[in-house]
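Both of the next two complexes hold chain A, though its partner changes from chain B to chain C.
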Partner chain A sequence: MDEGEIRAGVIATLRMIAPEIEEAAIEADAPLRDQVDLDSMDWLNVILGLHERFGIDIPEADYGRLGTLKDVVAYLAARA
Partner chain B sequence: MIEFKLPSLGADMDEGKLLEWKVAPGDAVKKGQVVAIVDTSKAAVDVEIWSEGTVVELLVAPGETIPVGTVLATLLEAEETPKTAATRTAPTPAPPRPGPVTRAGGEAVTSGRRRISPAARKHAEELGVDIASLTGTGPEGAVTLADVEQAAAAGAAKTVAAPDRSAEMRRAIAAAMSRSKREIPHYYLSEPIPMRRALDWLARANAARPVTERLLPAVLLLKAVALATREVAEMNGLYRDGIFEPAAAAHIGVAISLRQGGLSAPAIHDVGEKSLEQLMRDLTDLVRRTRAGSLRSSEMSDPTLTVTNLGEQGVAAVYGVIYPPQVALVGFGRIGEQPWAENGALTVMPVVTASLAADHRVSDGHRGALFLAAIRELLQRPEDL
Partner chain C sequence: MRTGVIRKSAAALRGAQGLADFEARGGAFRWEDVRARLEGLPGGGLNIAHEAVERHARGANASRIAFRFLRRDGTLTELDFARLSRLTNRYANVLRALGVGKGDRLFVLAGRIPELYVAVLGALKNGTVVSPLFSAFGPEPIATRIRLGAGSVLLTTASLYRRKVQGVRASLPGLRQVLVCGEGSEGIPGTIDLARSMDAASDEFEIPPTDPEDAALLHFTSGTTGTPKGAVHVHDAVLMHYMTGAVALDLHPDDVFWCTADPGWVTGTSYGILAPLLHGVTSLVDEADFDAERWYRILQDQRVSVWYTAPTAIRMLMKAGAQLRREYRFPALRFVASVGEPLNPEAVWWGAEVLGLPIHDNWWQTETGGILIANTAAMDIKPGSMGKPLPGIEAAIVHRRETGLDFVTAPGEEGELAIRRGWPSMFRGYLGEEERYRKCFAGDWYLTGDLARRDADGYYWFVGRADDVIKSAGHLIGPFEVESALMEHPAVAEAGVIGKPDETVGEVVKAFVSLKSGFEASEALRMELLGHARKRLGAAVAPKEIAFVASLPRTRSGKIMRRLLKARELGLPEGDTSTLESS
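Moving on, here comes the complex of A and B:
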């Protein structure tokens, strides 16, 4: 799976929680949760969605490494 | 004869629009069965009935907007026979009869209003025809489908503006909160609560769990609030007609922000009795259904105490407004690291500021302080929650 596919999968997962987001409007280098307005329950649902989509179990201890969209894609790419 | 009335689905609801009946005359209903779907400014709510019986008559047609307390349907109690009931009810046959109605504009319209069939009413709405402007040509001046179509064709109809849901919701929230601030003498307390023990315990618990069973700090906070009401009962219950009725169980209303703006505070029932795992499942389900706009009437109408939790994206503290007829609201700010002095030493501590808004008609600051202190102490023993 290349980074483009992973990125598309991440966006699709985010859309399940925040249907109003537009891909073009998300800055890959800016804090993701601020941009998409994800509270802790939303964030847990994103982690669950990524688990279902990519089969990757992200431990809580790694949440700090998932600050931006770019971070999330890189994190998943390293494990997919 | 049982009168099934439109329940109040929260302090911010004065009226609702019946969307759909889930039962028909002759149907037997059980306690807790969903019998109708009613639209409030926030969500389409599945309205449950809390008595057993057989539906006799549906008095309100889908599409009607009715005030809280309007009789929606009549039912026979289990042991009642139609004969005994018939002596007490007008023998009006099948077609649903509009009851007293308050329309969106606020003017009361009594049952002397237009007779109109549900189909004609529905069609009028679709075409944007104002029913009040129509001349009925049916029996007893009833408005028929043909009347509606004719009016629409003639252009005599006023266009009904599409209701702006978020504006409606804002109005409903404002009305409820204005009433709260007018009627309830609020007092406020706050307390910073060290969260090291709770968060360490949670991190260990979650490390051993699959992602699907992870707990959020919010469930620890909810459980601690529910257990604290056992120590200070004046925070949990309803104030009605000048009397405070303490609640036997803690049905905690959870303030949930809606993505399109506004908020709703449906209840998780019996929070004090549930395991953290069960609370997490209930909370996840409640947030999902609240945002999808599919809630049950019991969740909307019976919280006994509300918790608002700003979560990780929030700020340090929140001072809430009590939802009448409740008598207290607990607020939690963001859990964040702060300098913390303890035993003569300064450390860095994750801290959450808990606040209490409570009703002076029911309690005073001393009891409120005991309540917040109880929450603080419960959160120091997360393994017991």
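Moving on, here comes the complex of A and C:
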């Protein structure tokens, strides 16, 4: 899976929780949770959704490394 | 389920700032003794910001750290009391230059950034009433509250302004000025750059005379029906913030205190800003959202000694597992308290066994302004109980009758929790809604809307809400506000919203909607409605689940029977349906 496909999968997962997001409006380098309204529960559901979509375990200790869209894509790409 | 009592050792009790501290003269607790611990304004009167900031800035605590802000990137910004005094003076002067004066209302909408804390305290100095908004609200809850609160000035960040305020600004003609801070705050039409105004303002300010009964804070909360309610609190509430900081949170002068609540809610104001400052304690503020590893690291690296957090966060730490906890050491931590919703006994025991300290649950509401009932440091803990009334607080379990109140005397009998009026931080009104305020009282008693029981030892136990208000992650959500937003969608005929029990956040908002003819239920429409609600309400208020139903159960007078929706959701008996409209 290339980074473009991973990114598309991440956006699709985000949309399950926050259908209102506009992909073009997301800055890949800026903190994701400043741009997409996600409370703690939404965020945990996003992570669960990523785990289910990509079949990758995301341990709690790694959550802090998933700050931006770019971080999330890179994290998944390294493990896909 | 574990039962039993967590007993405190004699040594633990000796150090606690318990009741005894306020009953030193052998007599009963008196509010005058608390007042005597405060300074009062030099020219007479009482002002929260004077007690929280000036009293220390002009004394031995001047160079003590008041706030330690942990930024998202891990860097620290520290403000000592002297600097906090100068910054809040500047802010008060900024407001004054804008023509914002005593009794005017400032709304604040920002994350946990230094500018927000300076704004709240600076406005209080100016006699301006502060109303905090939660930054996870969407445009509609924000606009509704500013409108109801007749806010004339708003402080926010450039990013939040663009995303949540700009679009509704035209509907808020009373909002004369908007101060913006943070990245990109220069040159936004219709706003004033805070940093530039602060630079231009003097750092000297004399607090004008403030009466203890002058309004200081306006906190919005939600009821079952109608619009949000703006609970008005006065400067005299400072007595409560001070007393509870000592008795319920056991603050000692050398503590590092971490209140994890967001200042968009009452806990994050009373205890995230005011109480620690009143005690001259260093307060840690983390800008980032919950993250289990980050939080353990904060407890360890920042040497937090007193920690005030919430059941949802504790349960998320429990989920993260004991192994993660074992990777950190935080020997400085000595007292942990929780508020927001009842803390389940398992979580209290988890505290004792995994965290290393039992967790002290306590109870209060937006209307009460401060902690009223608590498991204190000087008490044995009954896991699952909210504790006992604090000094100066008289609580009762009552039944409302047409003739007045029936007081429950038998231990264990359920009824409504009531508090005898007269504590200093009691709300003085719902802004502009005299009738709604009056209905909260029966004679001398404030009726909390919470159902509870009291055991033979005098401990109180939460049972449930007497109304349909939803409590999610410790925040009250009014179903009507959510239903109204859903009804704005062209496909929705009617909407009924309930709190669906959830083991982590207490309740999640679940909406049932029926569709207008010509619309078909589908996954695509469900997602569209979810996005519609989130855009208007924000993540904190919008439903997490939406289900389509053919019709909603209503009473013959047309009210949606949310209780019945909830009973059906939970597979419970439907109870009394005698008022159900037959269809």
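Here is the rule we use: the second predicted complex is superposed on the first by the 80 of 80 C-alpha atoms of A that agree within 3 Å, B and C clash if a C-alpha of one lies under 4 Å from a C-alpha of the other, contacts with A are read in each partner's own complex, and residues count from 1 in each chain.
Note that in this section contacts are C-beta pairs under 8 Å (C-beta built on N, C-alpha and C of every residue); 3 or more make two chains touch, one makes a residue touch a chain.
What you are looking at is a predicted structure, and each value in this text was computed from that prediction instead of being measured.
Undergrad: Determine, for the superposed arrangement built on chain A, whether chain B and chain C clash or fit.
TA: Once chain A is superposed (C-alpha atoms), there is a clash between chain B and chain C.
Undergrad: Just checking: does A:Lys70 make contact with chain B only, chain C only, both, or neither of them? Give me first, second, both or neither.
TA: Touch status of A:Lys70: no partner.
Undergrad: So, A:Ile47: does it touch chain B (first), chain C (second), both, or neither?
TA: In the superposition, A:Ile47 touches chain B alone.
Undergrad: For A:Arg15, is the partner it touches chain B (first), chain C (second), both, or none of the two (neither)?
TA: second
Undergrad: For A:Asp57, select first, second, both or neither according to whether it touches chain B, chain C, the two together, or no partner.
TA: A:Asp57 contacts chain B only, not chain C.
Undergrad: For A:Asp37, is the partner it touches chain B (first), chain C (second), both, or none of the two (neither)?
TA: In the superposition, A:Asp37 touches chain B and chain C alike.
Undergrad: Hey, which part of chain B ends up inside chain C in the overlay, 37-45, 109-117, 127-135 or 145-153?
TA: Clashing stretch of chain B against chain C: 37-45.
Undergrad: By the touch definition above, which chain A residues appear in both interfaces, chain B in one complex and chain C in the other?
TA: 18-20, 33-34, 37-41, 43-44, 60-61
Undergrad: Show which residues of chain A lie in contact with chain C when the two form their complex.
TA: Contact set of chain A toward chain C: 15-16, 18-20, 31, 33-34, 37-44, 60-61, 63-64, 67.
Undergrad: Quick check: in the complex, which residue numbers of chain C touch chain A?
TA: Residues in contact with chain A: 72, 136, 138, 159, 289-294, 312, 316, 319-321, 324, 473, 504-505, 508, 527-528, 530-532, 534-535, 538-540, 544.
Undergrad: Show me the residue ranges of chain A that touch chain B in the complex, using the header's touch definition.
TA: 18-20, 33-34, 37-41, 43-45, 47-48, 51, 57-61
Undergrad: Quick one: which bits of chain B touch chain A in the complex? Just the residue numbers, please.
TA: Against chain A, chain B makes touches at 203, 206-207, 210-212, 214, 216-218, 257, 259-260, 283-284, 287, 311-313.
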